[in-house]
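After this come two complexes, each holding chain A, first together with chain B and then together with chain C.
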Partner chain A sequence: MIYGSATVFTLLLVVTLSIKGSTGLQWIVSGLTVGSIYALVAMGFSVIYSSTRVINFAQGEFSMLGGMLMYTFASKAGVPVPLAFILSVIIVTLLGAGFERLAVHPLRYSSVITVIIVTIGFSIFLRAVAKWIWGSDPVKIASFSGDKPIRFLGAALVPQSFWVFGFTALAVLLVFLFFNRTIVGKGMTAAAANPDAASLVGISTSTSSLIAWTIAAALGAAAGIIIAPIKFAAYSVGTMLGLKGFAAAILGGLGSAPGAVVGGLILGVLETIAAGVFPSGYKDAVAFLILILVLLAWPQGLLGRRQDVMA
Partner chain B sequence: MLRVEKLSTFYGNIQALRDVTIRVRRGSITTIIGANGAGKTTLLRTISGLNKARHGLIIFEDQDITNTPPNKIVKMGISHAPQGRQVFGDMTVAENLELGRYSRRFANRAEYKQDIEMVYEVFPILAERSGQLAGTLSGGEQQMLAVGRALMSRPKLLLLDEPSMGLAPKVIQSIFKTLFRLHEQGLSILLVEQDAKIALETADYGYVMRTGKVALGGDAGELLENEEVKKIYLG
Partner chain C sequence: MARRKGIVETHSYRTFLIVAAFIFILPIWARPIPGEALHMDIVNLMVLTGIYACAVLGLNLLLGYAGQISLGHAAFFGIGAYTTAILCTRFTWFPTWLGVILGASLAGAIGWLVGKPVLRLKGNYLAMATLGLGEIAFILFSQLKGLTGGTVGMLNIPPLSIFGLKFDTDIKFYYLVWAIVLVIMLLTINLVLSRVGRGLRALHSSEVAADAMGVNTGSYRVKVFVWSAVLAGLGGALFAHFQLYINPESFTFALSILFVTMVVVGGMGDIWGGLVGVVALTFLPSIIQVFPEWIPGIPESLTNFSNYALVLYGLLLIIFMIFLPKGLSYGMERGVAAGRRSAKLLLDRIRAHD
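Coming up: the complex of A and B.
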């Protein structure tokens, strides 16, 4: 399955490049750009899911808030970009951690479904508050290093894409190091595989949940900030981004961090190629077509494991 | 060292433990035998905090630890090697042991060295296999890893759930010999077993559980001679 889909995907890239040439290259690069964002959002879903079995439907709103806060700090208040970035991420991260303590933690003896419904409520609440603060018009955020296109093999690539690639690679690396090289991260990995055995060696499910929400909120916020100059930011962008990230997580295998990255990149590229080939109104349909097909035919996703999929 | 008083635990409406009262003396090996479904695992899980007690008390070293979360219980000095080993299969033997001392992760590196060397001395095979994925170990090796991981928290009391499960008699003998050595070094052990003979031969005290209740209790030697125990569990 993995090799099969890798082959099909590579073939698709080759065909796109050979038929469309530099336009094809442009599609692929911008596909990988949005794909990186889907990957970060998907990782947020997966981190929370593997620690708590909760699907956080407010994940996309973390990205929306990241973008909007960036707008306030960088575009309105004139705070330097790096500082504005850090401030926005910190605020959203605190919000995610606070929500976990105030709403998720008290429900730790309730069913997972209850918590999922609370996350839906939270997403509606965040959107309403954002609309109240920032209004409903989309806002523009300046690119981190200008908009002058970079010429590469006849294609014109936006510089922000490279910021997106760099941040995504860094975030993926940090998450990987945390879960595989630190004792607390390894404990969370162990707890995802065997919660009882993990509890018995002293890993606290409550702390794991808090850490997972903190990481997911930070990833979501960073994703929303770095994509904002390319797309645009508005109170309403979180829903679609959340659903796309969820589709990417399912495609890669919910609960698998590498799967989230692979799923995000594939989804981004397929969607962008589809938008080029078909009338643009069908673009969003691609993600959901993939979501439905994967759920029907291969519910554990490309890199996921069967036991990670909810019965 | 450990007193369990009139403990009752439920799964939903099903009562798995009914007024269970047992004692574990400091430095002893105490065993609990009983048929499948008698509630032995549930008792250990309730002591270590994985299951909630509805009634009753668990007292460890004069402290009430009833319904304390598992991560606090292990810090207090009770370590539980669960039924079916439950090693972290996708991690190496060394990583499993490292996680075994999660509750003591703030202790210094020197102590970590001591702990891991102690476990490798008790189970030399684990040292040979330290880089191997735990899921690829044999059943006996996994059992040793499960016990080794439990020892990494430097417990005062070790809860062991059916270490003999699915193992060849030779391997069982060797594991029980090791348990006896640990006991001689001062570790208190609460041992749940289906294999009543080897359990009662190794232990100082024993209890027989039947349908969620303690049916019999006393010196292990006396239980070995008990007609009923002989007929049902040793026969």
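Coming up: the complex of A and C.
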């Protein structure tokens, strides 16, 4: 199944390139850019899901908040970009961790529906507060290093794309190192695999849930900040980003970090190609069709394992 | 728990009669309240309440009894609305009541088509799948311009008429909608008290146990899902004939969330609770809008409810799930019981003092 879909996907890329030439290359590169963002959001879903079996419906709102805070700090207050980036990520991360302690942790013995509704409530709340603070008009955030496009084989690449690729690679590496090379991360992997056995050997599932939410909020915020110069930032962007990140996570296999990256990149490219071929109004439907088809036909996704172990 | 079930079984029909009587006499005294302070048209709001109640009663069965979540019921509501709107505006001779029935049926048929595969999923996966379906429906409503009028929507939908009787005023529509809601209530009460209802409750508490006891869990889940889709479609069709215009903005994710919020606030798995939730959340905007005029010096941004409606809904969802997961009606019941207990205690103490 994996080889089958890899072949189909490669074929699709080759066909796109040979028919559309440099336009096709342009589609693929912008697809990979958006796809990197989906990958980061998907990783947020996966980290929380594998530690707590919770789907965080507010994951997309972390990205939205990241972008909007970046706008306030960098564009409005004139704080230097690196500092504004760090400040925005820290604020969103604190929000995520606080929500985990106040609302998710007290409900750790409740039913799935209860927790779903609470995270939905949180996402509605964040979106509404953002609309209140920043209004409903989209805002523009300056690129990190100018807007002069770089020519590559006839395709024009915005410099921000490289920031997106670089940052995504860095984030993936850090998450991988954390879960595989640190004792806390390994403990979390153990707690995800078997919470009871992990508590018996002294790993706190409660701490692991808090760390997972912290990581997910940071990943989400960073994703929202680095994509903001390419796409506009607005109070409403979080929902769609969250849904697509989730679709990517499902496609790659929920709970698998490499799966999240692969799922995100594939979804980004498919979506951009579809937007080029079909009327653009249907662009968003691609992610949902993929989501439903994968859920129905193949719920463990491309790289997911039955136990949903992290990394 | 056993005591509570007893109350439901013996008091359901009595409660039904009381509610029915209240609904019948409501328009007699409820005049639109004019003036600056509380401009609220109770009958008009009650029509909307009834329309939402159709959808929420079905969703309550799905969430509370079958334990399955749907975050896409706005799709069925929309399918019902668009079906009758398209039929009745394209063919002016088309009987509107038939449009409503076809709208509800089509919603049910589509519910069956998507429900059969989707309901194999559980919990989180089901939530996301239904959400995806809702989004696809919304995209289709806005993109199939030839059929649905795109983002502009459909105007000039004729008012509902049944055998020459035109439901073109609020008061007529009120009685029609609430007659329909009461029939649905009756059906729901009977369903909940029947073998099927017991099967559903078993399904909610433990699917494995229910399966082992011979409840066909898969088929039950699909049946409840289809029934809830039919009711949402019915609500949507009535909505179209009441508003007389529709556009995709009426059937977004926010509506699906509103339905779920109504179920949760009222009380999952409590039929009367569902109704309490619908009334509470339909009236809430109008009531809150009044506060700024009562409390002078409130900031401008607080006077418009739409500014912070969603802030409030979000908080309500979180707070209810944490502190009152069984909903308003259960909370009120407990409050009354606690009041009685403390009153009795007080009386005893006074007597002892004498």
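As a working rule, the second predicted complex is superposed on the first by the 306 of 311 C-alpha atoms of A that agree within 3 Å, B and C clash if a C-alpha of one lies under 4 Å from a C-alpha of the other, contacts with A are read in each partner's own complex, and residues count from 1 in each chain.
To be clear about the criterion, a contact is a pair of C-beta atoms (placed from the backbone, for glycine too) under 8 Å apart; a residue touches a chain by one contact, two chains touch by 3 or more.
No experiment lies behind these values; they were computed from the predicted model shown.
Superposition of the two structures on chain A shows chain C fitting alongside chain B with no clash. Comparing chain B with chain C, more residues of chain A are touched by C. Once the two complexes are overlaid on the shared chain, A:Val112 sits against chain C while remaining clear of chain B.
Of the two partner chains placed by superposition, only chain B is touched by A:Lys186; chain C is not.
By the touch criterion stated above, A:Ile55 is placed in contact with chain C alone, chain B being left untouched. Of the two partner chains placed around the shared chain by superposition, chain B is the only one that A:Asn194 touches, whereas chain C remains out of contact. Taking the Cα centre of chain A as vertex, the centres of chain B and chain C in the superposed model span 90°, given to the nearest 10. Once chain A of one complex is fitted onto chain A of the other, the partner contacts of A:Gly121 are limited to chain C, with no touch recorded for chain B.
When the two complexes are overlaid on their common chain A, residue A:Thr93 makes contact with neither chain B nor chain C.
Contact with chain B, but none with chain C, is seen for A:Ile203 once the two complexes are overlaid on the shared chain.
Closest approach of chain B to chain C, taken over C-alpha atoms in the A-based superposition, is 11 Å. Common to the chain B and chain C contact sets on chain A is no residue at all.
Those residues of chain A whose C-beta lies close enough to touch chain C in the complex are 49, 53-55, 103, 106-107, 110-118, 120-129, 131-132, 239, 243, 246-247, 250, 279, 281-282, 284-285, 288-289, 291-292, 295-296, 299. The touching residues of chain B, when paired with chain A in their complex, are 48-50, 69-71, 74-75, 79-80, 82, 86-91, 95, 98-103, 105, 149-150, 152-153.
Partner chain B is touched in their complex by these residues of chain A: 183-184, 186-187, 189-190, 193-194, 196-204, 206. Residues of chain C that touch chain A in their complex: 63, 67, 69, 71, 117-118, 120-125, 127-129, 131-133, 135-136, 139-140, 142-143, 253, 257, 260, 264, 268, 301, 307-311, 313-318, 321-322, 325.
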